[in-house]
Amino acid sequence: MERQHLLTLLQRVKTGDLSPDDAIREVEHTSFEDLGFAKLDHQRARRMGFPEVVFAEGKSDEHLLGICRAHLAAQPRLLVTRLAPERHGALADHLDGGRYNPTARTVSFGEPPGEGRGDVLVVCAGTADLPVAEEALETARIMGSRAELIADVGVAGLHRLLAHRRRLEQARVLVVVAGMEGALPSVVGGLVDKPVIAVPTSVGYGAGLGGVAALLAMLNSCAPGVTVVNIDNGFGAGYAAALINRGPQE
Amino acid sequence: MERQHLLTLLQRVKTGDLSPDDAIREVEHTSFEDLGFAKLDHQRARRMGFPEVVFAEGKSDEHLLGICRAHLAAQPRLLVTRLAPERHGALADHLDGGRYNPTARTVSFGEPPGEGRGDVLVVCAGTADLPVAEEALETARIMGSRAELIADVGVAGLHRLLAHRRRLEQARVLVVVAGMEGALPSVVGGLVDKPVIAVPTSVGYGAGLGGVAALLAMLNSCAPGVTVVNIDNGFGAGYAAALINRGPQE
Amino acid sequence: MERQHLLTLLQRVKTGDLSPDDAIREVEHTSFEDLGFAKLDHQRARRMGFPEVVFAEGKSDEHLLGICRAHLAAQPRLLVTRLAPERHGALADHLDGGRYNPTARTVSFGEPPGEGRGDVLVVCAGTADLPVAEEALETARIMGSRAELIADVGVAGLHRLLAHRRRLEQARVLVVVAGMEGALPSVVGGLVDKPVIAVPTSVGYGAGLGGVAALLAMLNSCAPGVTVVNIDNGFGAGYAAALINRGPQE
Amino acid sequence: MERQHLLTLLQRVKTGDLSPDDAIREVEHTSFEDLGFAKLDHQRARRMGFPEVVFAEGKSDEHLLGICRAHLAAQPRLLVTRLAPERHGALADHLDGGRYNPTARTVSFGEPPGEGRGDVLVVCAGTADLPVAEEALETARIMGSRAELIADVGVAGLHRLLAHRRRLEQARVLVVVAGMEGALPSVVGGLVDKPVIAVPTSVGYGAGLGGVAALLAMLNSCAPGVTVVNIDNGFGAGYAAALINRGPQE
Amino acid sequence: MERQHLLTLLQRVKTGDLSPDDAIREVEHTSFEDLGFAKLDHQRARRMGFPEVVFAEGKSDEHLLGICRAHLAAQPRLLVTRLAPERHGALADHLDGGRYNPTARTVSFGEPPGEGRGDVLVVCAGTADLPVAEEALETARIMGSRAELIADVGVAGLHRLLAHRRRLEQARVLVVVAGMEGALPSVVGGLVDKPVIAVPTSVGYGAGLGGVAALLAMLNSCAPGVTVVNIDNGFGAGYAAALINRGPQE
Amino acid sequence: MERQHLLTLLQRVKTGDLSPDDAIREVEHTSFEDLGFAKLDHQRARRMGFPEVVFAEGKSDEHLLGICRAHLAAQPRLLVTRLAPERHGALADHLDGGRYNPTARTVSFGEPPGEGRGDVLVVCAGTADLPVAEEALETARIMGSRAELIADVGVAGLHRLLAHRRRLEQARVLVVVAGMEGALPSVVGGLVDKPVIAVPTSVGYGAGLGGVAALLAMLNSCAPGVTVVNIDNGFGAGYAAALINRGPQE
Amino acid sequence: MERQHLLTLLQRVKTGDLSPDDAIREVEHTSFEDLGFAKLDHQRARRMGFPEVVFAEGKSDEHLLGICRAHLAAQPRLLVTRLAPERHGALADHLDGGRYNPTARTVSFGEPPGEGRGDVLVVCAGTADLPVAEEALETARIMGSRAELIADVGVAGLHRLLAHRRRLEQARVLVVVAGMEGALPSVVGGLVDKPVIAVPTSVGYGAGLGGVAALLAMLNSCAPGVTVVNIDNGFGAGYAAALINRGPQE
Amino acid sequence: MERQHLLTLLQRVKTGDLSPDDAIREVEHTSFEDLGFAKLDHQRARRMGFPEVVFAEGKSDEHLLGICRAHLAAQPRLLVTRLAPERHGALADHLDGGRYNPTARTVSFGEPPGEGRGDVLVVCAGTADLPVAEEALETARIMGSRAELIADVGVAGLHRLLAHRRRLEQARVLVVVAGMEGALPSVVGGLVDKPVIAVPTSVGYGAGLGGVAALLAMLNSCAPGVTVVNIDNGFGAGYAAALINRGPQE
């Protein structure tokens, strides 16, 4: 926030033109920290009660570490996603204090408040979908949700899924992760009356087209109540699930 | 439900092998009415408190009317979607008692219970997106949600959207409808901390590829918390919004 | 078959250069009737015990009727596919003796031998998939297979499908027809240990891409034993099912 | 299978509510071994007489070996697919007892019962298609089929294919493997009256689009009786061929 | 050609700066008739000995007739392509003197010189490919080539094609027309040692993608010597065949 | 602009908290007229000196006319695009005062100020590209630019283009319109040192993919200085050309 | 330029057939230096006042250095693009005198004349878009434009962008760089009345399709005045911006 | 050729059932050498006067060398294509006697007969297209054609191309190689009245889609007489050019 802007706000508070509440609101919505190569919005995280999240891929090491440091200087919770094990190995010294999950490829700093609220259930079709499913889990948890995983319940062996039917019905929101033909969200969506967030993965080959087949299947799901995120976007699914799980009054 | 199956269940209840609660549950999950060309799941609607929904496109008139009649015989609430005005004109006599919305192309039978709970806000980018937005509205309402619409607030004139900023922040869940470049959900997603369901529409031409451009944009949204449904799928978005809006205890 | 070629063959038989059996074989493999715009292979049908099949779309009325007449002059069984009701209405006088199935859009001439052998089971996901499913049924039947249909058992209401589980397990070969997300063949493939032929349909809209979404899903099925035919190709699926059903000794 | 579920079953058997046969059936259909990251369905293999199959790509070494061990502890036959030579080299010590085929990239454990039944014929268009063709061969064989290969008979040199015409006609089911323009299944399908399973390969470049050109060609085959599997999916083709080859009575 | 430019040229001829031969050449390469909405290059046709060609689709009736009249005023030979029968019916009075081929949808004015040279052979896979094949025939003929057609010799019945093997070998250049899987050019290309121009057609449905499947197949042909034109572009194939057929000395 | 917001602004002006200049600016940026189904931004047009533009396709007649009326009530200049001749015929009475260009499918109300500044040159490849080229012309002119057209100078007859070389070099900005292979912008871009806006059209068939081939070609132009708009988007090209042509001081 | 051609020109000048001005013009338009593997057009750069530009990717080291040397021998300004840091490291000795920008991956030789004219503003959405944005900056600057950068102002945090609103309005031309959903050019285009050149980047994953999602979004922008260049084509955008920025009189 | 088949032929010759000429013909068309993994058709090469050609990519070293040896044992001329420099380095000892062209990535064995007939002209747009252009050159030459190259004459600098106009007109057949927007074949096709074979290359990035943009452009060429081969298929273009160049009498 520019000094001049802040000054103006304060003068308007003084003259009674602006209430203190509205001034705080204005500050929260318009301020950010400018690193030159990045503009960090600490207030957003603060006012929403969310941690910061940094997507590591495509950023240089220098930019990545600079952004992490600036965030951690402003507040204690941070999630770094898409940090491959080799790259984490090289940067680990600069990221101390963070917990690395090598399957999810995430680093988590700080703790969510309390024990985790609500009930997010992550379900994945095959073993190869685990990295995406774990990314969703880590994201939902650091945003303060209680979250659990059921793995390897693809539709070609329905009884493995049906064995968990009651657990599925109890969840407040479900994240369903699948590659190949992407059928699992439709089947789960037909079993429950809760929001289902479908995550296609790039697991597969050939006509899987890097996850596009699963993506299209999920977008065309015959089960209503299914919404979809980008291929391999475990983070986005976990984030949306946490928003839904938080409920209206929070 | 086949007679034999029901008999077995009852015998198990009598012998104490099955509790009455579990027997009801079993009945609800396994029964349907078989019309030959269609198998209707009245229990699902009943146990979830939802209306039935019938997608009119691709069904012959005979099948469409047969399915509607069977549903209405079993329970009073029904939503018919994708019924073009000309077709509705021809079938109106057979659909009396239903309210037709020619923009949404829906027919609604029966009333949702109470005044509508929660707060679903549907936002659309342009005038040509109205049919999809109204389909979402009709769906959310008949499922029991309170739902409102803000129209024609595309990103090329941001101040039209920002004029509604407080209203956006109040909603419990938002449905954001846009064609062409599909940017509106990203902008709205950055303004609120609530779940955003993005609906791409086929509005546009050329490289819009019938809505694929907007769909891809929404799937790649840089705003977290955005999930996506199929092109022109106002129904799916309204349905998912109503599920999210209903909350955990309901 | 050209006269000269036949003469040569007979001379070789006379000189003992060719056995009568091999000569018949040669005749069967190389002869056809030349209408100028079409070359009809009556022998193929005769030696395989199959009816002739004519794809009506894209052929002029004149060509279509000419081909049908030439086939029926040579042998009594014929299947015409993709003949829309309006076009059939206009041509019906020229196609008398044929049974028209308006859902399947097929005309069948002649009867298969016997009562139908084996057990082909056609399963379809929704009411709108019926035309494709019926085309598969008609094809399998005129090729001599016993064939039945189970309709409207899409994956979003699994109990409708599971209610038919024993019937599914009894079939010798299954044709599974679905549009939208195309998940049904994967689920069926996981329930049975028989060949499953998956038929994607163009039922759906938007990201269904005219059946491409269902096609891709089926090609990426996680259930082994599933093979796939072209979008809406009920004929091809019924034909392949009949070949499989016929078994090795026939 | 959860202990509680089993207990309930046994009690129902004791009370006569469930016959011993049905109880066995129930056990077979609902039990699996849960490794946490994977849920193994040993009963499926057992009741169908099939070996287990593990797809190696996309699984971590730890998960891959854990799954193999668990399968081999339960029964002796196992097929591992898509294990590249370098990876096999690194893991060979942990996979002893298995026969590695470096062209097919498969490891086979155990022997199929008997000498191989029926007659599966695998045909491939070019030398570069051999890995996929050999994967189909290995799969069909370990499932108990007799299977043979004819290589390098692409359509640009028809006489190489026609030299094998009688052999083609003898087979009970054919797997036809081709990249580039994918024309071979149409030509073979026109020569035989048996089921043809077409396998497109990623052999080619440019407008071959990684096998999509061959895939589309095969899906549009003008020869009826041709069904298709995913690009490079030799396993799926071999599996379906073995199912078809097994016939109804088995 | 602008008057001023011509004057300059003539002055340079007069001063000896330009030879008469070079001046003629310059005139031929730079002149055209300007209709405002179109610029007609009569010299190109004249110096190459080719007829003019007008593509009718996408032009208004007024533009189409204006262009035809201007061409016919300058020279007698003209080919109009893509003129659908209904449109021809409406415009026939304005196109008198032209021969309409309703299958090819072409109107031909004037006669090629002599009896037709060389030997262009057009081969098509199915009856529905005839419009494209006939467009190629008409084009090659009006450009002065001798051209013949063999119809309905698709690869699913190879003996129909092989019956014409000697005729195929005699041609100087072949145009091979096919829809669906587009395999015919590969097979023909393997039988002859002459240039093969492949024409994909939009015949087919579903995964045929409007002719894209056939196009891709032809571009990936394993038979060398095959080149390809646009989907349904019988004109382009006939034109290129005539150029090849004309040979170097002409 | 809401009354309350305006009141606040005025009070701030009165107290000296806001200068009159800033207040005007604020008004201009935040006001719009709300029709319910549309929100009209009259200030944007006014402050930029631009006419309003209404895209007719996809809007109902009622919405279209309502928007036109509201715009014309606020200011005199208006451009309606994509109004097909038949639809214009039906609505002409309600659009009196507007000049209809049936090739461009535009209606223009009011006159641009002055004689037209700068020099926009529209160049198109073929006669069938004229509707798009004329839409660009009409747009540039009503925005106040001087604009001219050169038609039918496609790259297959280069001398037709080169005859206009000096005219091309004189333009301040060029709009180059082409379908099929879309090569013209690359050739023009190599001849001039001015900005070139390329407009792909849907003219063509088959592998033209509705203009996608031309679009891709233009995006990959080897001539620097070429930028691209959507397929058939003559309006967008004319608008951007007018912006560029206006120059910095205007 | 061939000696003979030059001789002819001079003779025409001598005879008065050609003015000296036109002769210079002719020389400038037709001469190039032929390296065998490349033909360099030094005159173009000279007469337009532009530097030479060499695209490094896809050229062998030998060709790249040969072209650079030949250009620098003819004139002092040169821009080399797409030279990755590792490759630059290996070639640096051969490129001395050039300034390497490792983010932009460009080498610049020589200085633009004067201080930079006009006002090109480059705006990018995220940190990962910086390489493309810097390539645009370097290009605009060496072509003589004044150019600045605003980074990390993606649409999910609008207040970061709106904080720069006045700066945006001052620019003469804007280059807007964004990956993922590519929404930024639409938002910027709605805020300013200047030409906006949109550059999609390949930043993103999955359904981003390597930048195609952003490209399609930008082509469908609802803000008029937006034109688009190829994915990651910072050079092309900077070049076009410099052309626009130069204005008509230059 | 199988011994039995040959015996039969000879007996038929002896009995007069087959003329010696026809028997030779039969032998030539049906014989091949079977290596197990490959079936080599030496007769085709022999009777057509062509060298053998082996595509190296996708073949194991063992298969590649085995095929080369078998060919060279049967006849002296052989062309190996797509052999990358590194791989050639490793195999060079096994390929002695062959001339390696590292740009074209070809190895040539033996000499074409005579000095090269006719006149094939290869033209390429940019320096990066040289590998494909050289592959075409090498192929045309070893097949006996005289062939030359003009490089770096892309359409953005037309005068470089026009400087070669007379040379272009002299060629009997032209191969035109271009990446990016693929416009060169259209321009060349408009300048000459000879067959033009267009070769798209994968040179470019982003929306070039690996050569698909250039491929589509060439398929949609507005210049008649242009036919197209696969992306980067210099071999196919050179082969077709040699066939066309050979003429009818050869």
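Labels A, B, C, D, E, F, G and H are assigned to the chains in the order they are written; within every chain, residues are numbered from 1.
Basically, contacts are C-beta pairs under 8 Å (C-beta built on N, C-alpha and C of every residue); 3 or more make two chains touch, one makes a residue touch a chain.
Remember, it's a predicted structure, so these values are computed and weren't measured experimentally.
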Open item on the list: If over half the contact pairs have to be identical by residue number, which pair among B-D, C-E or A-F is the repeat of B-C?
Closed with: C-E
Open item on the list: I'd like the Å distance between the centres of chain C and chain G, where a centre is the mean of that chain's Cα atoms.
Closed with: 58
Open item on the list: Counting only Cα atoms for the centres, state how far chain G is from chain H in Å.
Closed with: 38
Task: Centre-to-centre distance between chain E and chain D (centres being mean Cα positions), rounded to whole Å - done: 49
Task: Whole-Å gap separating chain F and chain G, where each centre is the average of the chain's CA atoms - done: 25
- [ ] List, in ascending order, every residue of chain H touching at least 2 other chains.
- [x] 157, 206-208, 212, 215, 219-220, 224, 230
Open item on the list: Dump the list of chain pairs that touch, please.
Closed with: A-B, A-C, A-D, A-F, A-G, B-C, B-D, B-F, B-G, C-D, C-E, C-H, D-E, D-H, E-F, E-G, E-H, F-G, F-H, G-H
- [ ] Quick one: which bits of chain E touch chain G in the complex? Just the residue numbers, please.
- [x] 11-12, 15, 17
Task: chain D residues within the chain H interface of the complex - done: 127-128, 130, 151-153, 157, 159-160, 162-163, 203, 205-208
- [ ] Please give the residue numbers of chain E that touch chain D in the complex, ascending.
- [x] 125-126, 154-158, 180-183, 186-187, 189-191, 204, 206-209, 212-214, 216-224
- [ ] State the interface residues of chain C toward chain E in the complex, per the touch definition above.
- [x] 2, 29-32, 36-39, 41, 44, 57-59, 63, 67, 200, 202, 210-212, 215, 230-233
Open item on the list: So in the complex, the part of chain B that touches chain A is made up of which residues?
Closed with: 48, 50, 53, 118-119, 172-173, 193-195, 197, 215, 219-220, 224-230, 235-237, 239-240, 243-244, 247-248
